[in-house]
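Going by the order they are written in, the chains are A, B, C, D, E and F; count residues from 1 in each one.
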């Protein structure tokens, strides 16, 4: 009988534990604390945090349960795409359809992608990684995962963690920038909401038309836009209530839980605790800030062009981060003037930002693949 | 590096250009689609009827029986309304964005539930 | 830097688009329109239609999300079988158990399978494809998918589309045939429903006994009959309410959504737009008509044999297409005479048709495999 | 071709023969099973009791308090009934086929919701 | 045309049927009868029984649907682990946290594991199989499946069937042992429940801390304890209600249904009907008895040590079998004295037993892997 | 065999030793954690308020209108309570183990539903 072999087997939990594992477990605890105490995106941060803890106790994506989930949901892209079906089933495009010009704000909120990409190149990242870092600026979880897993799966963990963590910190990031870049007078601008009801047929046709156009313009974004619009079609068609409900509940819940755990499980100390990760987190933060700044600036531009009929705050909703960014802008306007109700406009810009992010992500993927 | 940076700048130029182009296209498309006239539908008639049943009770009820019947009717109507609403209550946060037409009035009411640093529990993404 | 390469990458959405893709997208739109405007089987036609659009925008079953779904659910047979668990949990066999002679109608409604098979052979199809075309006449989606994916996966798309499209058009197909082949006097026949309550134990034992018998008689039908009866056992046992509910809701919804999308995604222009497809669609239509005619004729025969105690209309329910065909026959009888209530008899024949379709599908599979 | 056709005819003969055989067998089996005597069960007692509570209110209520108590009881009973029914309401269309014993009576009631060219929303298959 | 080939194909259902298949179908019927008539663990026994019937009608785990499910859920360990997420979301650790000393009972209830292991060695089983037989004494389905599928997948069927069958027979097994080993005086002992409310933060931190400690002590138990505690964290965190509900409902229902069917489908006559299986079933029974005896004895010891403040009955809850064992002990105490309410203490010991079982299973796995 | 039995005995000794060690550790840990002081929270205030609304009806209602209003209020409150409870009703059996603080009182009530040889339908594991 080999006692030493036995002792090794029993004590392997301690013997393979490194200080990096300890640090990452602490990081996981911070994510869980943000989820539980601050209620920042808890449905994602809590599973990610718990997955990070598990990865550093030996349950990595290289074997067992998390390998199975990684292969079934990340490699196949099913988890982010299934989540998009559910998100699509939760989106109401009526505000945007009633105010089509808001679409432009959804383009302006994507500058952060390219800002971060250029900075990453300057810092020495290769193009595929730089593009993946840039996609943090899409400020949309599934888009970030989809693009990064195709361009640079080796940095999937930090990119995803950055995307979701900053998304959960949106209020902390955006409010100071909003107050800094807009004057009180601008924030007080009221906007009329011409209560123009949108034809039900248009609302049903919209997701189909958008799918066709965007898939032709940016074929690499097709799966993303297709699933988002599929969910929306399930919702708006009115004839498949049971599918719409399943997409909004069971499907998205299961995919979210497993996606979060699996992403967390890629955060092993050895691979995550590098200078590169710190750089990625920093660049991701800048991407968020640049997005917000560009959005606000474009909002100010539209405000000037329209002769002060646009409240620049809604520019900050073009970044995506649906639906938090939309609510946030409305909240800031209301804080300035209790009777200033811009939520509908903000949500219009926010849904445009969602579309813009997916399109930008797909184009980024195509352009980068065409370069390397 | 400078080769890479050139590539990056090119991607940026083309990428942002195409994003703006795509969303301009969507603007035009939506403007066209939104211009299609709305047909009026009268499917919404049923629920208000039930709500009327709730609001109906007038004070000048003459006689106990009538009173009782009204009370029961109101109770049933309320319960039915609640039953009808309960599935919507289960609907996730993101979908609450739909009854836009109430605009200003909602503004006052929703101001209680501050959302700045907090989002509703369990919104998934 | 290679601009031409970049341009190719960006414009590939347009450059790879063919007129066949355009036609198929239009076909997908028609399916969605049938689903949304006519509410014909929307839970299936809408996903199939949307899948067809996506396939012709580049999202085929050869890569990405739809390859993952195809491998996970069609190749493994899991999607149709999981749907059958849910369907089984929705079926009530009490009407059939109370009137066992209805079982024969479930056999008569399968003639269309062999009619279509023979016609297909005459038109030059090889045996495996002819049998797959015949199975459209089973008028049951999961059976058609199960059999075709084993015999001739290369024509899975047109067979499935024919099966589901015609099933959604059941009223349009059956009512004229019903009115043509039955006299008003026959349609007025009333049937007594001896309100014989069925022993609960019998209702629980029935799915188990049927599984054993059918699996021995037609082993190739075993997975189909087993899942259908499993669902029914979950329902009738009364002790696993939570499993029964899950089968009837989440499980069937998820499988239906993904099945529809994946089947749709096999409908690429290049593979679907052939003369063969047109022939298959035509033969499938004939299979539906032959089924209905044979069922009605057998109904008339039973009417004569029983001395006018059977309304021949219920013969049309033996074709399967559960539960639409059953409701339809009852409706036609009621239109003739408002007080003629034959719904219970019709549903009895309809559930028999469901059993008959599965058995016939399994036998067809076995016989064809034994020939080729 | 003719070889193939022969095969097809053989498959047809054997296939249809076996299908009829199988369903004849099922007929016999079901006839045997259905002949097994039904045991009476008394589990159904509870719900009717609650329905009685709803139907109960008689006009000759003497006194305000009694009246009130009745109204509240009726309301609660109704609400409970609704609550009890709501899960069944969520049940999919196909499963509504079970209360056969009501036969003719149902006929009159169901005649309102015409089904000819339309099937209930969301029935899955 | 080859008639004999055709005949072979059609009659293969009967020609391949053996008497062993008949016996196993009868066994499947017994399991279903236990589920339906006695309501012993119906959500598991019914699918297992039905799966056993199907396996002996040709639907084995070697091809088709059950191979797909076996590969997707048993080989990857996902089914038992997903079930554990759901179980964790149903457990309330407050009673245990309020009475920490109950933890010891959760250790005492594991002696049956090693008793059965030693007996199995004496009967000639190799070490890996003996350990797998021992894990029946963990009296916890997912633990038994997890450990056995790693150590001795060839005996997965009998081990799992023994674990779930005896678990469903817990009242039949435990009550006689309880009455035999405790005096009426002991059963009458009342226990104070110091209604000490537990800090909510502690309840949230508990699953995380347990995960870290147990994963370090017994890394092979990490997936089991991690999923159990993940479910509990989802429940107690209070911020991810939708994930907690999904885990307790759809996820656990789907996994339970498919796990039961797949385990049942491994019970083919040829592989199951051996002398070995009978030995395993017998040893499993002994494991249950030894667990209960050891738990009761330890309960008596604690009763003596605390000067009669502990009712020895709660010792029987340390075996796991959550939550039946806990309810059972409370019930036996109440039968003796209607006013003796020990349910909270019993559930405290029962949850400790759940933890103890998982830890013991992980250690058994590690030790056996270190030996062979 | 004896070699194998030695291995078995060794596994038994180490295994049981470590299990006791691990649970002793958990005991200490829980004793420490449980010693952390509980902060009082006042979130539970709302539901009792609604229940009061149900229990409120006093006999000395003066006038028909007041009576009616009370009846309606009670009905609505009841319906709302039921609506609020219904999701919990859907909760599976295993989770019912949480309201420990009611201890003895529950004892009397729960004694009706005997559990010895039977467990609630559909509890999953």
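By our rule, a contact is a pair of C-beta atoms (placed from the backbone, for glycine too) under 8 Å apart; a residue touches a chain by one contact, two chains touch by 3 or more.
On a predicted model such as this, the values are computed, not experimentally measured, just so you know.
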If you walk touching chains, what's the least steps from chain C to chain D? 1
Where centres are the averaged C-alpha coordinates, which chain has the largest centre distance to chain B? E
Chain C and chain F: spacing of chain centres that average the CA atoms, whole Å: 46
Between chain A and chain F, tell me the centre distance in angstrom, where each centre is the average of that chain's C-alpha atoms. 37
Expressed in whole Å, how far the mean CA point of chain E lies from that of chain F is 23
Give the residues of chain F that touch two or more other chains, as numbers and ranges in rising order. 7, 14, 18, 67, 71, 75, 79, 83, 86, 90, 92, 121-122, 124
Chain C residues counted as touching two or more neighbouring chains: 1, 6, 10, 39, 42-43, 217-218, 238-240, 242-243, 249-250, 253, 256, 363, 367, 371
Residue positions on chain C within touch of chain B in the complex are 1, 6, 10
Which residues of chain A touch chain B in their complex? 38-44, 83, 86-87, 89-92, 94-98, 100-101, 103-104, 106-107, 110-111, 113-114, 117-118, 121-122, 124, 126-127, 130-131, 141-142, 171-172, 175, 193, 195-202, 205-206, 209-210, 213-214, 217-218, 235, 248-249, 252-253, 256, 322-324, 327-328, 331-332, 334-335, 338-339, 341, 343-344, 347, 352, 355-356, 359-360, 363-364, 367-368, 371
Which positions of chain E touch chain C when the two form their complex? 1, 5-6, 8-10, 12-14, 17, 25, 29, 32, 35-36, 39, 42-43, 46-47, 50, 53-54, 57-59, 64-65, 68-69, 249-250, 253-254, 256-257, 261
Provide the residue numbers of chain B that touch chain A in the complex, in ascending order. 1, 4-5, 7-9, 11-12, 14-16, 18-20, 22-31, 33-34, 36-39, 41, 90-95, 97-98, 100-101, 103-104, 106-107, 111, 114-119, 121-125
Residue ranges of chain E in contact with chain A within the complex: 76-78, 81, 204, 208, 211-212, 215-219, 222-223, 226-227, 230, 233-234, 237-240, 242-243, 245-247, 250-251, 363, 366-367, 369-371
